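Read from first to last, the chains carry the letters A, B, C and D; within each, the first residue is number 1.
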Amino acid sequence: MFRKILIANRGEIAVRVIRACRELRIPTVAVYSEADEGALHARMADEAFGIGPAPSVESYLAVEKILDVAQRAGADAIHPGYGFLAENAGFAEAVEDAGITFIGPSPAAIALMGSKVESRRAVSKYDVPMVPGTLDPIGSVADALETAAGIGYPLMLKASAGGGGKGLRFVASADQMESALRTTRAEAKAAFGDDAVYIERFVERPRHIEIQVLADRHGNAIHLGERECTIQRRHQKVIEECPSPIMNPELREKLGQAAMRVVEAASYYNAGTVEFLVDQDLNFYFLEMNTRLQVEHAVTEAVTGIDLVRQQIEVAAGNELKIRQQDVTMRGAAIECRIYAEDPDNNFFPSPGRISMLRTPSGPGIRDDSGVYAGWTVPLEYDPLLSKLIAWAPTRADAIARMSRALDEYQIGGIKDNIAFFRQLLDHPAFIAADFDTGFIDRWLGERSKGVTNGMGERDRDMALLIATVFHSRQNSPEANHPAAPTANAWKLAGRNEQLLRKP
Amino acid sequence: MFRKILIANRGEIAVRVIRACRELRIPTVAVYSEADEGALHARMADEAFGIGPAPSVESYLAVEKILDVAQRAGADAIHPGYGFLAENAGFAEAVEDAGITFIGPSPAAIALMGSKVESRRAVSKYDVPMVPGTLDPIGSVADALETAAGIGYPLMLKASAGGGGKGLRFVASADQMESALRTTRAEAKAAFGDDAVYIERFVERPRHIEIQVLADRHGNAIHLGERECTIQRRHQKVIEECPSPIMNPELREKLGQAAMRVVEAASYYNAGTVEFLVDQDLNFYFLEMNTRLQVEHAVTEAVTGIDLVRQQIEVAAGNELKIRQQDVTMRGAAIECRIYAEDPDNNFFPSPGRISMLRTPSGPGIRDDSGVYAGWTVPLEYDPLLSKLIAWAPTRADAIARMSRALDEYQIGGIKDNIAFFRQLLDHPAFIAADFDTGFIDRWLGERSKGVTNGMGERDRDMALLIATVFHSRQNSPEANHPAAPTANAWKLAGRNEQLLRKP
Amino acid sequence: MKYTALVGTEKIEIDLHSAALPTVRARVGDREYELELREIEPGLFWFCVDGRSIEATVLPNGEGYTVRLGTKYVRLELLDRRSQLRRLGAGDTDKLAEIRASMPGKVVKLLVVEGDEVKAGQGLLVIEAMKMQNEMRTPRAGTVQKVAVPEGMTVKAGDLLAVVN
Amino acid sequence: MKYTALVGTEKIEIDLHSAALPTVRARVGDREYELELREIEPGLFWFCVDGRSIEATVLPNGEGYTVRLGTKYVRLELLDRRSQLRRLGAGDTDKLAEIRASMPGKVVKLLVVEGDEVKAGQGLLVIEAMKMQNEMRTPRAGTVQKVAVPEGMTVKAGDLLAVVN
């Protein structure tokens, strides 16, 4: 097993990895940027090293700095988390070249699956169905328009190096192509350093379902069932479930087998996720493979009981997988809500700033994988994900009820969050009936009430106004907050007056 | 289902019940004493009513007041939690007489099992093995000495109405009898309002193992496996596990069957626990039945996936048990640590007071069932249980590692707690090997280091002293805590001086 | 102390008799209230009324507050005499569109220069925060009168970005 | 500012050069330290030294403090000049046993009266807190010189309960 593991990441995923290492009794090394001085992941690690200014390119993406810390600290393995360098084949290669184990797949597998084009080419030989589209990156606007005409609108523009909902655009008709291409290229360049973009046919009302896989370096591979990731906003997942409400054992078996063929096509090892689109008739199409841990890995952990981060570390250390396919059993249902610092009532704009108050939920079936704490200032520079809240229960309906209960307990002060948005979403009949597709949230947001109140009665509103007024008046007269202060001042004043009187 | 449920309890168990009700979407009514103004359970309930002064007899044990609140609020069911009125047959009867459902067994079953004597008499007819001892309460000291001579020392004195480790005394020899009898009677009187005491033979190095049962009012009953509760201090459980490390399927089946016969003997319904002593040869003896939810119920929930409080409510509402015996599957291992406000280095004296800081653990497999919050003042009057921390993992070894990790994350400021004690206990080779009996802790406490430090190196000690000094000096010069203050004062002073100068 | 609360377009007069916790008293509109209010921590209050146990959180929100009672919320602006006067003095800006940052972030791209003619809905500049890019658009057609920020500048929520007339 | 830390029977001199966060400096014994100390919240500090990431909690403990660094702790008393003088001025109490409350609680029963002869280990009174009863015992044989509390009284940790000489 490893002597020491460096986590080349920040926030809740760095905390998640540190927890797994602690349970394996492996010392951890955190890195942090200047914006992350005092961040939870740095506090929790056994060792912590500053690696430079806030912008990611100068810290969390600075390969040389991270390798330097690893060597100075004597770390013999690096866990990349997700995002940042997690799917950067060059980084994985540099790590291995430095004689350090990269906790993830081979650089070759990352490179292959990181290219939408190459990955589809490789997978197409293994009898895995795919959505019609271009395999090669498109060139000019004119080229794009010509190719699009062949496939037909509506269609999707996708960054070749993309993932996690970044670098994706829906194009309804030809007149949107120019603007869509520009923004997609710009986002792709900014997010992934590569502006290659390809075109794909748009599947009507699809579900987004992904299969978790685990493989060791000895040729053993298993799948751990699916995750339902259909609920997305602007192509970014907001809520995930395990199992998928539309799943049946036959479809799961078929998807699992397809995922195993993708693993074979990429000579894949470590944890990975094979994403599929599933249409209304339960036809499925290979989308891409994520060659890293997913944000939503915890719903699979809740249902299968398997600690994926621990498995990643064990497989990376060269151990054989101890779990065989027949050992994987799914029990109950789990849901994850991604708690973001953002304002759902203002177009989900991010809301960085100081967390003045934090009350996290717990109790039966609840797990809060957080990266923040009360008093922490959420930096402007990074992803606004504060925490992943996971609810497990014997049935999907119970898990929804439990998640609602937990959301009611969750209180974050000082910044805006999307907790109330989730609370409303979980009450939506279409969500409860699991009758949704990837466009559900964007359609629903149009109808959702965003008024000055969500149906508070007059008496309650009066009391709310009263309490706001009390809060306001106390904020603006600090003495009210320190009952002792006025007395002390009066005392001093009296003393001073006395002195003045006595002087002459 | 019920319209509204009143919870006749406080602290973490009231919070636990409120959570179950929320998930069932049943409104809740909390009651609170004057010492519990602002307590977490009162804040979390939909309704909350003050019921009088801090002493339990004037509030949480005041049957009339509680029934009055239930009727005023329109509650049609009462959950008693554990402790207080949970095993008071008179209360259960008064509740039912008021036309309200008692969420628990019948008054007759409570009364029967509440009497150690009557319960053993009833159970003895159902082929359940028992430890030799008196069935009837003992009288004078002289009577006790005579009876004891017949059974032989060492032996146990037990309050007939006792439970939860209260009203229990080990008597090594005849000369301890008088003092032991006096204290046991006094504690029994204070805790249960009944000073009847009986004698039982002391079983050498026993394990304490209990079986969770669930029964409906239609004659269906199941058992949900065992809990290992051997780790006790002064006969009070401190750490519990599911499954028991010594369990095998045959013994589990035998214990389960015996528990089912106890259920039959008491015509029992709702949740209950049948406690057994298990000796070194795996012989088992019926100890008692707890006719309520146990503090340690959550380890069973973690392993079976069944929400026991929810089942209690459903069964009380008259529903048939939906779970059959063959549906009960045990997965992995769970451990519970009872986080108390007490000082393990000072004979475990309780440590009430204000919680100045609270950092609770979370992450995979961790559940924190707490009844407190940062800023809350833990009252002097009640049990010092702050929270129950539960760790689940695929194996016992993993659950121990996970619990250790969670304990490291847990930080409570302002009062003393037993977290460091648990941390040390989990590292003990005998605990890791599961080679212990009910006397383990009391023996270990003798050897445990209680020095001024637990092996901190010199450099770290120096830094610790430095930090204490910084803290001390800042505490004693309040300006240091408010960097803005001195500047502001200097400003005002300057202004004042100027005015003085300008006046003439 | 007297305040005016603005809830959407509705104005409610509040006369705060006492803000000394725990007993707070006020007239809201024409109704008198007295609450036993406990401050659990700054911005988090708990009180009981008619048996109901209610937690209230007060969150500063731009120039006003959002108050949550359980799962219900109300947004308000609170005007004391001074801010009322200021508000009354503000000129008519109907003929101008002031484009303000609705989030903190960094200006990563300017899409127009002063003097450009723009259509309603046209993008003026791009702001990035926490890896999200957002095109700030003009709500009306007209001429870009002012671009108030250079590329690379970090802005706070509410900062003026551009003016279109 | 100079202090003396008492760790068990060991005395360590501390010269605190600067307590202004984040940079604190002090000589401890004959070693100089400089730490970049962040106060996460009152009593909870974080710092890095030689790469190690360390959380330290400071918990007031009777007349001293318990400091935890990770899972290790140290208990100390901190004497400034005033408390050192007080301590030096205290008389020799070896011939007396002062029985003090080691926990907050309520005196529920007195087992002796003043003038009683007691054996070492004999119970003097019973204190109850949080449902726990504890017999407070005398560490030495002698005569009960004083019973300082009546039945029913609530006491704090450290309060004098009785004196045996």
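Going forward, contacts are C-beta pairs under 8 Å (C-beta built on N, C-alpha and C of every residue); 3 or more make two chains touch, one makes a residue touch a chain.
Bear in mind the structure is a predicted one, so any value in this text is a computation, not a measurement.
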Chain of greatest Cα-centre distance to subunit A: D
CA centroid of subunit A to CA centroid of subunit B, Å: 37
Where subunit C and subunit D are represented by their mean Cα positions, the distance between them in whole Å: 51
Centroid spacing, where centroids are CA-atom means, of subunit B and subunit D in whole angstrom: 29
Distance between chain centroids, defined by C-alpha means - subunit A, subunit D (Å): 47
Numbers and ranges of subunit C residues touching at least 2 other chains: 41
Subunit A residues counted as touching two or more neighbouring chains: 44, 359, 373, 408
Graph class of chain-chain contacts, one of line, ring, star, complete, other: other
Touch list for subunit C against partner subunit A, complex: 1, 3, 5, 7-8, 12, 14, 16, 19-21, 24, 26, 28-29, 31, 33, 35, 37, 41-45, 49, 54, 56-59, 61, 65, 67-76, 78, 102-106, 108-109, 128-135, 154
Subunit B to subunit C touching residues, read off their complex: 29-30, 37-38, 42-49, 72-73, 373-375
Contact set on subunit B toward subunit D in their complex: 166, 183, 186-187, 190-191, 341, 343, 346-347, 349-353, 356-357, 359, 380-384, 408, 411, 413-414, 416, 420, 423, 451-456, 460-474, 480-481
Subunit C residues within the subunit B interface of the complex: 38, 40-41, 46, 48, 51-53, 55
Complex interface listing, subunit B residues touching subunit A: 15-16, 19-20, 22-25, 44, 298, 301, 305-307, 329, 331-332, 359-360, 362-370, 373, 393-394, 398, 401-402, 404-405, 408-409
